[in-house]
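Two complexes come next, and they have one chain in common, chain A, joined by chain B in the first and chain C in the second.
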Partner chain A sequence: MANNRMEANTPPPSVSPSIQTVTKTTKQKKRTSQWIWYIFLIPSFLGIILFMAYPIVESLRLSFFKSNGTIETFTGLDNFRTVLTSGPFWNAVWNTFFIGIFQVIITIPLGFIFATLINSASKGKNFFKVIYFLPNVTSIVAAAMIFQFVLHPEMGIVNFVLDSLGLPTPAWFSDPSTSKWGVILLAVWHWIGFVIIICIANLQAISKEMYEAAKIDGASSFQQWLFITIPNMGGTFAFLLITGWIGALQRFNEVYVLGGPNGSPARSIQTMGAFIYERGFTGFEFGIASAATYIMFLIILVFTFINLKISKLKL
Partner chain B sequence: MNSSMSVKTMHRISEIFKFLVLLIFGVILMAPFIWMVSVGFDRTANITMPFPPRLIPEEPSSFNYGIVFENGRLIQSYINSTIVTVSSVVLSVSSSLLAGYAFSKGKFKGKKILFFIVLCTLMIPMEPRLIPLYTLFNSVGLLNTFWPLILPSIISGMLIFLCKQFFDQLPDTLREAAQIDGAGEFKIFFRVYLPLAGPIAATMIILSFIWSWNDFMWPLVVLNNIDLHTVPLYLASFSQENGSSLGGLTMALATVSILPIIILYLFLQRYIIQSIALSGVKGE
Partner chain C sequence: MKRGIFKKRVSFLLMAMVIISIVLAGCSSSSSKKTGEWAGQKITVMMIGDFAMDDKTDPITGESAKGVKVLKEEFEKQHPGATVDFVLMPWEGYTEKTQAMLTSGEADVYQMPGVADFAPQGVLEPLQPWIDKDSEFSLDIFIENQVDGWKALGPDSNELEIWGLPFLGDARFITYDKELFDQWGVEYLSDYPTMEEIAEKAKQMTGKNPVTGEQNYGIWFRGDWSSAFTLVDLAEGQNGRWGTGFAWDEVKFEFNSPEMLNGLNWLLDMQNYAPEGLVSNQGNEKWLTKDNNIAIMLNQGPGDTVKPAYAQGLGDRIGIAQEFKNADGQGGLFAGSPIAIAKDSKNKELAWEWLKFATSDFTQKYVYEELGLVPAVKSALEWDSVKEQPLMLPVFEAMKTPMTPRYPWGSSQPRFILTSEIEAALTGQRSAEDALEKAQKESTEWVENR
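Showing the complex of A and B:
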């Protein structure tokens, strides 16, 4: 009896400490799991501090100094004044915008049309996808190298075709008045595959039911395209506009290959990126180049926000 | 009966028309490549390009390719690009997997603000960072080494973002089960979630590979030593030295530099196209 009572009584006191230890360990575990997560983030945030935050702040500081990398003197807003009153800088802004605008307004509609054609094709869907995307996987540097010959005024295939069709043959990269169009052609050729792939991916995400409902109502396939497909692609067009435009503002590789750091002929294809490279790494005017990068950075940010506002995209 | 027949034929005609349009435009897009390969096999193209252009050279020869390979710089640049790219891919993918997993499954203070910082890095272009990074690597004596090309890959906002989204789709119950078994966070990550991350890891590897392989401006700034040049740098310096002369050699060089990437692309096209599409449909 006594034993029984003992047994009956013993559990409660022995249970309660065990519960306590359990809650204690989970609390401890919670605390350890709190800090253990920061270990997961160490590599990335080390990178953010060293290669993102520090350079972006340091670049702003540098833009207030006259500097060649070793000797620095504070000059206030002089660098910004120099850049903003410099003809070559505004020329570079103009070139960048000109090429970028035409790249975007040609490639997005054209790419979209081909995406709908590929998407509705009954045969060879994958074949066309692969072919159309091929230019985009080749590096833009190699592409620029090829285009120097493709658009050669006398020996290039484009002018050969134009000539045999009886059309005028521009001098492309040899003439400052047509060289930007050469870069635009290259950009369209290189980017259209990307536009097509993104469009196809989003076309396939539009629900089939909408098309079926429209078919029952007797809508033609062109009407379906106009009233269902296009309105549903708004977000995609906005995304392409943003990525395309921001990429265009940073254009450098192909114009460097085609025209060198000063964008020859006659600075006609020098972009903002090339201007910064020219002042920073051929002239070693770090202060002026930094001021120019900040102006470019602000331009990019402004357009990013405008684009985000227009497209109501949530980032 | 009659009208349904005509609808059918109409449909077939429009199908054929579509196919033809796609084919013609495809040929136009491929024309530069086709011409590149053809001119590469034309020895005489180094003096003047064959005009009018023809598909098959008058006297096909592998002369240009011989010269391209005899000059060891192409192969050297391939080795350099491979070292840089493989290291960058390993670094960026592993650090992004860790961070992406923590942002998805972790519970810790400041998670939201830290993730916001990661998203902010997506808006910071390379140009404003160019000069400070150059002076940074200069001050530690690492210019003209591969380190400046490899180390900054440790942070990639895009890869972290894609990785977080992937882990968000995996259920938390897997974690809870492993936790009951007493596994620590690292063990849970490596034993439970990492083995499931194959598809997203493949995407991350592909994207990181493309970015690193095609990188141009930053390598141009930090590598002056031609023995260290990556493939794009070698192509650019060759092209700048010769302009639009030596067409045959230039085209042979372009072919050899593009071909491995194209072969890789043809084998992996499904995954590559999926990866590109995934990085592009992030808005949804």
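Showing the complex of A and C:
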């Protein structure tokens, strides 16, 4: 307090003109160098405006028009009404959620278990990491094509194994009741490597002292896993849940390869993304497709918000 | 001091970029020529499919195929001073790419299978006036039905008009494996088989092959992507039809007609003589191999049949029969690719010249001999290269008799509605009757709400 008063009463120190000039020049230089960096940002900024901001705004505008790309008529909220009352759209929403939910609830726990096993292995950690991560770096389009053969009803290796074990052999992508499970299998296979790597990264960050203290207190390996490992994985699980869920709701590539734009057979694997593609790019109904895109955006927004609340993840 | 150096560097970089741009622009092949009858005129031609600018190796035959530079050289030789550039694209997503190119005025001439969708938008040049004023040109050069098949409604017309000239031919037909027929002791298909004939022979050839002991299937058809066209052809074979009209406000569907229902029930019956996987485009993996196990294939096209058959050495083993036809001898999907001129083309005279060039024997021979595509001109029947491949003869026959004009719903929502309902019936989700009622209701609602 005394110091403050003293400072207040003290006259400002006199600054020589030469020092003032130096300070000014430094400030000017700083300002100029900051300004220069903005120039370097222009290309990416232009890219964002052209390829992200503009399409987003244009898509919103289109959602109020009946448009085939050339001829447009203002229709107000008609496109939204058409989409929201369309049976195939809600079927696509159901398919997207069904595949997405099972992908997430199977892959995250399974990936975590594999990550724990790999992390506790004394040898060959890197080998297993590479093996499990390989599917994730494979193009999903190529993987989907391979899965068509893997799950071939007559010549596929999966049905061959099931048949050898005396189990029933499903028709997979030829039957609407099993086709979604075919996509889930593909999605789990493709994503699990990523989940494992992220989980291993977190597992390695958990302090060893905690496990040593637990051992001294007589905790078993399972108790250590249950009471130390799992609680410390919360942030990772939340991250995987949110990113996996958003990716699942945007699912398009693999279902397009497996079932075409209308999600054959009988629209059983048509997702929201495929519905948008079918209406927009095979039928030239850009207004309907844009309205469906915004509805999909709202659905993703709401569920991401719910996920954030459930997982209590702070972004 | 440092600031000065920085400024100098920036100036140097800018100068270098300008010089490089000028040099690249100067070296570009698209610069206009200044002499000759067509001096300074330039057109851009968009082509879809396996076209390449330079020579390439055919993945099926392993033979070298000449690039479209051959066409460029010949066209520019025939039209001194003119320049032609190409935009070549694959079939994937061609409709949206065409739409984008038309909107931005990217090309003068388009290969355009979706001409019926684009003509009403007012983005194409009507071709009848060009045909009328060009005494050198005649529509008689084309195989029957090809010109009519591509007729479409313009933005203001109530009558079908010519917006595109046939460039590539295509057809749908029934193929069969003569070797399996021989092994089973079954007579080959007649040239114009009926549903009853196909069903009877498919039943006879399903089971253990009496010669090889392998499991054989009597029939295969795509139960997904193209099943709507297969079903409509079945209805046409019974003198039924998909419906009536061409402009959307006049279209009336008849998806739930007795002929369509009978056709779908027939497909359900035929499914018993087919391998598993019809609705996921599976089960036909051995077709066109020496180990083939399928006797009859419905709704096949020349691209997947003729060239691969000869490349595999199976040209003599494969037979082609026509699809189901109505009492007038018509039936099946009209397909192929016409070429059209953009309304906003700045060099329409030259674009018309390209259309004539593309339908001339030179170009038509090129697309057949180099790329294995189907020509659209009558004269092809006389070419030695065609005579060497007898499978082409029934293909040309099939090109004469499809249902014209092209189904207006062929790439719109009703097609996907009908396809999904056929799939639902084939997979036991719904009865054939319920599936077709649903398809009829949803398609009608879609048209009414457009």
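Throughout what follows, the second predicted complex is superposed on the first by the 295 of 315 C-alpha atoms of A that agree within 3 Å, B and C clash if a C-alpha of one lies under 4 Å from a C-alpha of the other, contacts with A are read in each partner's own complex, and residues count from 1 in each chain.
One rule holds in what follows: a residue touches a chain if its C-beta (ideal position, glycine included) is under 8 Å from a C-beta of that chain, and two chains touch if they have at least 3 such contacts.
Just so you know, these numbers come straight off a predicted model, no measurement behind them.
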Query = In the superposed model, does chain B or chain C contact more residues of chain A?
reply = B
Key: Partner chain in contact with A:Q148 - chain B first, chain C second, else both or neither   = both
Request  = Check the residue A:F227 against both partner chains and state whether it touches chain B (first), chain C (second), both, or neither.
outcome  = neither
Ask   = First (chain B), second (chain C), both or neither: which does A:W90 touch?
value = neither
Task = Pick one for A:N68: touches chain B only (first), chain C only (second), both, or neither.
result = second
Task = Quick one: classify A:S120 as touching chain B (first), chain C (second), both or neither.
result = first
Ask   = Between chain B (first) and chain C (second), which, if any, makes contact with A:F281: first, second, both or neither?
value = both
Request  = Using the touch definition from the top, say if A:N262 reaches chain B (first), chain C (second), both or neither.
outcome  = second
Message = Applying the document's definition of touch, where does A:P176 land relative to chain B and chain C: first, second, both, or neither?
response = second
Ask   = Is there a shared patch on chain A that both chain B and chain C touch, and which residues make it up?
value = 69, 148, 152, 154-155, 260, 280-281
Message = Touching residues of chain A toward chain C in the complex: what are they?
response = 29, 32, 66, 68-71, 82, 87-88, 148, 152-155, 171-176, 179, 258-262, 264-267, 278-285
Message = Residue numbers of chain C touching chain A in their complex, please.
response = 3, 93, 95-96, 99-100, 102-103, 117, 121-123, 223-225, 275-280, 282-283, 285, 411-413, 416, 419-421, 423-424, 426-427, 429, 442, 449-450
Ask   = Okay, in this complex, where on chain A does chain B touch?
value = 33-38, 40-41, 43-48, 50-52, 54-56, 58-59, 62, 69, 114, 117-118, 120-124, 128-150, 152, 154-157, 160, 189, 192, 194, 197-198, 200-202, 205, 235-236, 238-239, 243, 246, 250, 252-253, 256-257, 260, 272-273, 276-277, 280-281, 286, 289-290, 293-294, 296-297, 300-301, 304, 313-315
Of chain B, residues touching chain A in the complex = 15, 18-19, 21-22, 25-26, 29-33, 35-36, 39, 48-49, 51-53, 94-96, 98-99, 101-102, 106-109, 111, 114, 117-119, 121, 123-136, 138, 151-152, 154-155, 160, 184-186, 189, 210, 213-214, 216-217, 220-221, 231-232, 235-236, 238-240, 243-244, 247, 250-251, 253-254, 257-258, 261-262, 265-266, 269, 272-273, 276-277, 280-281, 283-284
